[in-house]
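Common to both upcoming complexes is chain A, partnered first by chain B, then by chain C.
Moving on, here comes the complex of A and B:
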C-alpha cells in the first residue's frame, strides 16, 4: 500500500481533527443535551495539557519506570486535574443562566491562558516547555506519529461509545430533560444540579485527557496552543453536524476538518504566502459565517432532530 | 433566618465600608495611585460596558459581537483621524455616528432575522459569537496583523493627585461619565426613553399603545453603537488599533455588566471603575509582584465567585 500522500504533516493534522471530534462529542453532551453552552473548552483542554506537561517534566521519575509509565501517570494526572477544574467551574456556573455560563467558561479559559503565560518556572512562560517524545519507538517518525493517531482514535471512539450509551441510558434522558426544562425536571424530584455537575466534571476530565494526549503529539506545549481556535473548531463542527445527535459531532468535525484543514490548506496548491497569512484568517471567517448560517437556516445541523430511544418515543400502554 | 439576614444587612454593609476605609487610609500612597490610574485608564471600559448593558437590559441579548463594535469604533476613528487630518476630538463625532450605524446594520443583518426565526438563547449567543469571529478575522484580513496608531500630537501629561495622566485619558473619563449621565437622563426622563422602557417591559403592550417597536429597537442599537464606538476610539488613541482590541476587552465588559448591570447604569459605572481600581491596585501592590496578566486572572476569578455567591438574579428588564 502506497502511503506517500500521507505525509507527516497530514498525519498531525488528522490527529488534530480526531482530537477535535472528541472535544465536540463532549461539547455535545454539555450543550446539545444539557443546554450548557461551554465557550471555554480550550480551558479544560489546556489544563489537561499543562498539568500533563508540568507533572511529567518536574517530577523526578525513576529510571526503572521506563518511558511509558511516566507518560501514562502524567496523562492520568492531567485528566484528574481537569476533572477537578470542571467540578470547580461547574459548581460556579451550572445553576446560572446562559449569560452566567458564557461568562464563567470564557473567564475560565482566560484564566488558564493567563496562568500558562505567567509562572515561568513551571510552564516556561510564553516560550513554552518541551515535554516528551512519543513513549515508544517503532521506527520512523511517521510510524510513531501514525501509532499515536491510532491511540487517539481509539480514545475518541471510546468517547463516542460512551456518548451513545448516555443517549440510551436513564442518566441521558435526565440530562435531556434538564436541558429542555430544568424547572419541570426538578419539580419531578430529579437532582438536576448534581446531574449537571457530574456530566460537566466528567466531560471536563475527558477534555483534559484529550489535551494531554495532544500535548504528547506536540512534544512542545506553548500558550499559543490555547487560543480560541480549538473552541471554535469544535463548536462549528458540532453545530454543523447536528448538536442534538451523537454522530453530529463526528460528521460535522470530519467534514469541516477535511474541507478546511486538508483540502483548503494543504491539497489545493495555493501560493505559500497565502497559506501562511490569509488562508487561516479566511478559514476562521468562514467558521464564523458557518455558525451564523447553520443556526439561522437549519438550527439542528445536517443530522437534524434527536433520535429518541424506544421508551421515550412510544410510551408504554399498560 | 432570612429575616435575621435582612436585618443584619446594613450592619454587614457598614462594616465592609469601614474596613475599606481603613485599608484606604493605611495604604494611602498605593490607594491614591491605583485610584487615579484605575479610574482614568478604565474609563473606556465603562463606556463600552454601558453600551453592552443597554443591549443586554433592553433587548435581553448577549451580543458577543459587541466586541467588534468597539473595534470598529477604533478603526473608524483612526480612518477619520488620519484621512481628514482632523483633531482627535472632532473625529469623535463622525466616529460615534458611523459606529452607531454599523451597530444598527448588524441588527438588521443578523439579530433581527434571528429573532424572527425564534432562535433559542444559547443559539443566539453562538450566532453572535460567530458574527464576532467573522468580523474580527474580517478586520484582520483587511487591515493585516500590524498595530496602527492615531495621528495625534504628543501631549504633556497632567498631574492628578501626584500621578501623571495623559489628557486623552482624562477626556475619556469625562466623556464616559458625560455619556452615561446623558443616557440615564434620556432613558429615565425623555419620551423616547419611556418608550424604550415600555418596549423592554412588554413588547405587545407597547405596540398596542402606539409605540413603533422597530424604530425604538433601532434607536437602542444605535445608542449602544455610539457608546461602543466612543470606547473604541479612546482605546485606540490611548494605546494602538488592532483587530483584537475589542475581543481583549470583551470578558471585562461582560463581567462588569453581569455584576453591575443588576443595578442599572449606575451599577455598571461603579463596577467598571472598581474593576480598574482593583486591577491597578493589584499591579502596584509591592511584594505581590503581580504582572498585569496575573492581576486580570485574580479579578476574573473574584468576579466569578461574586456572581456565584450573589446568584444570577436578573432583575426584570426595563429598569435602567
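Moving on, here comes the complex of A and C:
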C-alpha cells in the first residue's frame, strides 16, 4: 500500500482532528446535555498540556524509570490539575446564566493563555518549552507519530463509548433534566449544582488529558497552541454535527476538520506565500462563518434533535 | 376559630412559624404559626393573591423566607427537620413535595424518561454508573406501569403533548418520589374531568391508606368540599379561618361580606 500521500504533516493534523473530536464529545456532555456552553475548552486543554510539560521537565525523574513511566505520571498529573481547575471554574460559573458562563469560561482561557507566557523559568515564556520525544521508538518518525495517532484514537474512542453509554443511563437522564429545567429537577430531589460540578470537573480533567497527550505529540509546547482555534473547531464541529447527539461531535468535527485543516490548508494548491499569513486567518473566519450559517439554517445540526422517543425503551431482559 | 377535634399528630406535618415573605416591599405572606398536615387531606383556599402558592413554595424552599422558619415532622418520632435552611432538592428527598401550578416539563425527555428520572435514586445516577439503565427499569418499571395503566397517555414512549398530559405527568412524577407530605397546587386545572376524578380518588387513597399528608390549593371549591378533612382559609397573606369544610363553607360567606365580593368564589 502506498502511504506517500500520508505525510508526517497530515498525520499530525489527523491527530489534531481526533483530539478535537474528543474535546467536542466532552463539550457535548457539558453544552448539549447539561446546558453549560463552555467557551474555555482550550483553557482546560492548556492547563493539562502545560501541567504535563512542567511536571515532566522540572521533576528529577530517576534514570531507571525509563521513558514511559514519567510520561504517564505527568499525563496523570496534567489530568488532575485540569480537573481541579474545572472544579474551581465550575464552582464560579455553573449556576450563572448562559452569558455569564460564556464570559467566565472565555476569561479562564484568556488567563491560561496569559499565564503560559509569563513565568519563563517554568514555562519557557513565549518561546515555549521542549518536553519529550515519544516515549517509544518503533522506527521512523512517521511510524512513531502514527502509533501516537492510534493511542489518541483509542482514548477518544473510549470517551465516545462513555458518552454513548451516558445517553443510555440514569446519569444522562439527570444531565438532560438539569440542562432543560433545573428548578423542576431540583424539586424532584436532584442535586443539580453537584451534578453540574461533577460533570464539569470530570469533563475538564479529560480535556486536560487530551491537552497533555497532544503535548506529547508536539514535543515542544508553546502559548501559540492555546489560541481560540481549538475551542472554535470543537464548538463549530459540535454545533454543525448536532450538539444534542453523541455522534454529532464526531460527524461535525471530522467534517469541519477535513474540510478546513486538510483540504483548505494542504490539498488546495494555494500560492505558497498565502500559507504563512493569510490562510490561517481566513480559516478562522470560515469557522465563524460556518457557525453563523449553521445556527441560521439548521440550528439543531446535521443529526438534529435527541430523539429519545425513538431510543428509550425497556431493556430486553433485566 | 379552630374547632376540630384534637387529632393525634402521628402524620407527617410542617409547622410554619413567624414566616414572612414580601416582594418589592409588599408583604405577600405573613403567617404567625400554622401547621399543615394534621389531617389526611387539607384544603388551602382563598382569593387570588392571598399568598397560597407563595406559602407552599416557602415550604419547599423554592423561594426563600424573609424571616421565620419551617420545620418538618415525619410523625414517626424522628427529630424535626428545619426545612427553611435546606436546599430544595434535600427537602424533596425528605418527602416534602409540591406539584406545579404552572405547567413544567423537560422538553427532550419522554414520558417514560420523566417518570424514571423521578423514581431514580441518587445512587442510580452517578457519573460512572453507565450500565445502570436495566436496573432502574426493573426496579421502578412496575410501579410506573401501574400509574400508566391507571392514567393512559397517548404514547408513553413519546413526549407529553397536551397541557393535560403535562399536568398529569407532573403529578405522577411527584407521587413517584413517595412523598410524605404532598402539596398540590391547583392539581385539577387543565385536567379532563374523568382524569381529574381518578387523580382525586388516588390522592384520597394515598392520604388515608398510606399516611401521606396532602395539602391542596384549589380554586374549584367543590373539589375542596368533597376531598378535604380540614380547610385553611387565607386572605392577604394570613390564615384567617381554619376548620372543617362545612364550617368554613358557612363562615366563608361571612368573610366574603367582610372582605368584599370575589374573595371566596362560588
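A few points about this structure:
The definition used in the following text is that the second predicted complex is superposed on the first by the 308 of 318 C-alpha atoms of A that agree within 3 Å, B and C clash if a C-alpha of one lies under 4 Å from a C-alpha of the other, contacts with A are read in each partner's own complex, and residues count from 1 in each chain.
FYI, contacts are C-beta pairs under 8 Å (C-beta built on N, C-alpha and C of every residue); 3 or more make two chains touch, one makes a residue touch a chain.
Please read all numbers here as calculations on a predicted model, not as lab measurements.
If you put the two complexes together on chain A, you find that chain B and chain C both fit without a clash. In the superposition on chain A, A:118 makes contact with chain B only, not with chain C. Once the two complexes are overlaid on the shared chain, A:198 sits against chain C while remaining clear of chain B. When both complexes are overlaid on chain A, the residue A:84 reaches neither chain B nor chain C. In the superposed pair of complexes, A:254 makes contact with neither chain B nor chain C.
By the touch criterion defined above, A:92 lies against chain B but remains apart from chain C after alignment on the C-alpha atoms of chain A.
Of the two partner chains placed around the shared chain by superposition, chain B is the only one that A:281 touches, whereas chain C remains out of contact. By the document's definition of touching, of the two partners only chain B reaches A:295; chain C does not. No C-alpha atom of chain B lies closer than 7 Å to one of chain C in the superposed arrangement.
Of the residues of chain A, not a single one touches chain B in one of the two structures and chain C in the other. Partner chain A is touched in their complex by these residues of chain B: 56, 62, 64, 110, 113-114, 117, 119-123, 125-127, 129-138, 140-141, 250-251, 254-255, 258, 291, 293-294, 296-297, 300-301, 303-305, 307-308, 311-312, 314. In the complex of the two chains, the chain C residues touching chain A come out as 60, 62, 87-90, 92-93, 97-98, 100, 104-110, 112-113, 116-118, 120, 122, 124-127, 129-138, 141, 155, 157-159, 173-174, 177. Remark: chain A residues 31, 35, 37, 39, 91-93, 96-100, 102-104, 106-108, 110-111, 114-115, 117-118, 228, 232, 235, 239, 278, 281-282, 284-285, 287-292, 295-296, 299 touch chain B in the complex.
On the chain A side of its complex with chain C, the touching residues are 162, 165-166, 168-171, 173-174, 176-177, 180-181, 183-192, 195, 198-199, 202, 244, 305-306, 308-309, 312-315, 317-318.
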